[in-house]
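In what follows, chain A forms one complex with chain B and a second complex with chain C.
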Partner chain A sequence: MSILRSRQGYSALVLPVVLLLAWQVLAWRASTPLFPGPWQVAVSIWRLYPQIVGQIGYTLMRAAAGFFVAAIVMVPLGILLGRLKAVGSVLEPILDMLATLPPPAVVPIVMLFAGTGDAAKIAVIAYAAGIPLIMNTYEASKTLHPMATLVARSLRLRRLETMVFIDLPASLPMIATGVRLAVASALLVSVTAEMLLATNGIGVFLQRQQENFQIANGLAAIAFISMVGLIVNDLVQRLERRLLFWHYRSTETQNDR
Partner chain B sequence: MGSFRLLEILAGFRAIISFLIIIVTWQSIASLGLVPEKYFPSILAIAAGFRDMMMSGELVSAELRTISRALIGVASASMLGIGLAVLGDLFPSFRRGFAPIAALVQPIPPAALVPMAVFMLGLGPKLYAFIVILVTVWPPYFNGVAALASVSDVQIRTGQMLGLSRWQILRQIKLPAAMPEIFAGIRYASSISLIAVVVAEMLAGHDGLGFLLIRKAFAIRIPEVYALMFVCAVNGLIMNTIVNGLRWKFAGWQSRMTGQAA
Partner chain C sequence: MDVVLEARQLAKAYGVGTDALQVLGGISFAVSRGEFVSIVGPSGCGKTTLLFALAGLQKASTGTVTFNGRSVTAPPRGVAVVFQDYSRSLFPWKSNRDNVAFGMVRVEGLSSAQKRDKAQEMLEAVGLQGFEDKYPWQLSGGMQQRVAIARGLASQSELLLLDEPLAAVDAQTRADMQDLLLDLAVRFQQTCLLVTHDVEEAVYMADRVVVLTRRPTVVDHEVPINLGKRRDQITTREDPRFLAARHDVMMSIRSSRTAAPATAA
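Showing the complex of A and B:
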């Protein structure tokens, strides 16, 4: 059994190793600093990691700020729209339209109102993170089980109480999906926003490397971005499993039956 | 069927109503002067900006470039994604080896790729194809792998009983069964593809809608910027329509069987 497992482990390693080797061979044959191989990238990572980690810190802080702004505004708004059916159904096409607008396209407009400082970047990130949050929250609270509303009525809850104690918890599983998408897009957009509205952060670091023709350094930064993205996405998934254990438990027992 | 039609018509009206509401609110904010008019032009000014860009031809050529880049990218990414998913289904060791690569490449933002890729690929179609494919191949791939693995055993056994070869089972049973989920992935991929293309055009600074947006913004032609944002949003709708049409062709069996509209 253990032999079988270790053999499976090896076979999982074969493809990445082959690809890395092929890349290295191509880089050797090209032998130009504009096409570095994995070795040069590793050297760059070793040389520059304190700087890269510092810059990614700025980026992550901005991504987090944008995400929380979006969550504080969009989740209550989504529940409200789901409750007030008339308003919701009129605004739904507008939301659909905003969802098709790529977040970087709002950068020029944000620039007019908020300049190029931190506020502007956080606004762009909040817009990008806000769309999946409001779509999922609205969808969840709109399609709430009618029984929940009846329970709220028989408990004589007021409208606001219903939204806080019934709608919000019942919508949480779908909001969690929205959160996952929102976190991913906050990370993506924070790098983009930094590149377009430059001051500091990993996006600016990347651009500076490009201007100095340091492709290996740029690829080192990309490697860090991808690791951070991987870790953050994994953390969000774990957190979701832990906080929404009741949801997963109930769906699992349903599947067992 | 009749009541269904009626609902559809009402839904169409709803979109028109909400569109009218946007226009009225927008116009009243603009004409009340709540926001400086320079930053928040009236609908008429935006329409005029749109017309100017249409007349000069720059909008049409940028739009054609952007949408064709996104379409070509998504089409090849979908094909590649399905191909990789089939490979993963045939050879589990390929799937396991590909998993860490996918996990690492997937979170890379398209914006981060542009500066490096410009050096290796130039500013031509290769750059856009590379970026769009690298960003959009994952949803069709992951959905495809998951869907191919979960095709019901009964269907596969039926195929074996009918004497189909492994290849025939894949082509005639597994792939059609997986198509609805694959198309859900392609739908998501098509929306990211537009983002990736616009970002790449903004950063590469050569042509296309993204470039036009940045240029108009720096020239402080605000009505044009709003008009371009509107075009970007419409592009999303165009992509959605195309993908839905294709889904009807390739995965229509599901909607027909379950009796729901696409």
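Showing the complex of A and C:
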């Protein structure tokens, strides 16, 4: 398994290296600060990384806060709505509508109520992360196999106990999909919200650099954002594998039969 | 004898008006403490509907179920159900021991350590020592159903309701599981009610067989099985009393089947 993974790792590196080389060649030929090559970007990273890391800290903190607010509200709500079929079917069209609404579009409305500070940004992030979380949780809870409910009732579980001990774990595989989407969304919207409600954070840094035609510095920031995105995504996947081992292993053994 | 479970004129219809489907037509019978009773009937006679009504999982249209003299409206304390669909009735995120212990989730007066010990004891009773820390999906179908049976036994039930528990396991495993269930019933003095479509199984397992008619289902008649508590897969099945009882039950099921108009069910 590990051999396979490292081989895949090497072959995955081929394309990026080729692209970087091609980019560097084109940049040399253009020889203008408006079209920096990877080398200039690397120099910018070296020069600016303390500043970038500091700014990305703000961005990540708000993304995390927004994500956790969304998770604490939306996961229980999704489980509950799946159980309350009547309420769920009334709210479903509204959820579908909100799902197509780009998060930056809600920024002006949020500004009216929460201003432009951290609270406003966290609210926008929570909104963006909340949509995939509630959609996936609700869908999972709604489509639970009736057998689970029968077992719960025959064990004389109370409604709340059923939701906590059975509905929630049984929904986790689908919630995990929602979490992956929500984490990506939270990072994305955290940067976007900073660009719209400028105070600090990597989004503001990026915007300043681009406005001043410091293209290499801007690209350095983008490289950092991508890297952070990769690391966070990897952490989420590791956590998911660890918590949902029973889901992956049990589907594997069923496929073996 | 001490009656544990009693059904009186239990009827169930799905739908209303002219489209209504009368499944149960007024079923009456009783189960006494310590008895092993089988319920058998022609296909589509609503055996599972009946069991769910007895378990308090489904409301009957008319009639009553009483458990220990109390009317059953919701799953009562002291009744455990073993479902046919073992793979869905066990929780894949729980180890086998935790699945069994979860059967005691609403049993009061036991610490979680005591529940754990009891789960361990029950897993050993069904022959699954060494599999406590494995997960249900790591076991074969028959072993999964053993976990479900252990969960039913662990919940300190006075009555174990078995809904075709062996319908989905292969024939050899089924014979082993029948003997295991009989042993457990004697060892824990467990009152059992088995619902099955398999006539031989019904007769082999029970002290008494309740034979149902086709829809709308009522009790056709009851057949006492006087073969004692000790049964043997080979000799019991050759015993003239076994064969007579089997003949009796099969005849009445065949007559209700041939009397039945052709239905899609």
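By definition in this document, the second predicted complex is superposed on the first by the 242 of 257 C-alpha atoms of A that agree within 3 Å, B and C clash if a C-alpha of one lies under 4 Å from a C-alpha of the other, contacts with A are read in each partner's own complex, and residues count from 1 in each chain.
Just so it is clear, contacts are C-beta pairs under 8 Å (C-beta built on N, C-alpha and C of every residue); 3 or more make two chains touch, one makes a residue touch a chain.
A quick note: this is a predicted structure, and the numbers were derived from the prediction, not measured.
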| item | value |
| --- | --- |
| Joint occupancy of chain A by chain B and chain C, clash or fit | fit |
| First (chain B), second (chain C), both or neither touched by A:Leu101 | first |
| Partner chain in contact with A:Glu161 - chain B first, chain C second, else both or neither | second |
| Touched partner set for A:Ile109, first chain B, second chain C, both or neither | first |
| Partner chain in contact with A:Ala148 - chain B first, chain C second, else both or neither | second |
| Partner chain in contact with A:Arg242 - chain B first, chain C second, else both or neither | neither |
| First (chain B), second (chain C), both or neither touched by A:Pro169 | second |
| Greater chain A contact set [chain C / chain B] | B |
| Smallest separation of CA atoms, chain C relative to chain B, angstrom | 16 |
| Touch list for chain C against partner chain A, complex | 52, 55, 57, 74-75, 77, 79-81, 83, 85, 88-89, 91-93, 102-103, 105-106, 135, 137-138, 155 |
| Partner chain B, residues of chain A touching it in the complex | 8, 11-16, 19, 34-35, 89-94, 97-109, 111-113, 184, 187-189, 191-192, 195-196, 202-203, 206-207, 209-210, 213, 215, 218-219, 221-222, 225-230, 233 |
| Chain B residues within the chain A interface of the complex | 14-15, 17-19, 21-22, 39, 93-94, 96-101, 103-113, 115-116, 118-120, 191, 194-195, 198-199, 202-203, 210, 213-214, 216-217, 222, 225-226, 228-229, 232-237, 239-240 |
| Contact footprint of chain C on chain A as seen in their complex | 145, 147-148, 150-151, 153-157, 161, 165-166, 169-170, 172, 246-247, 249-250, 253-254 |
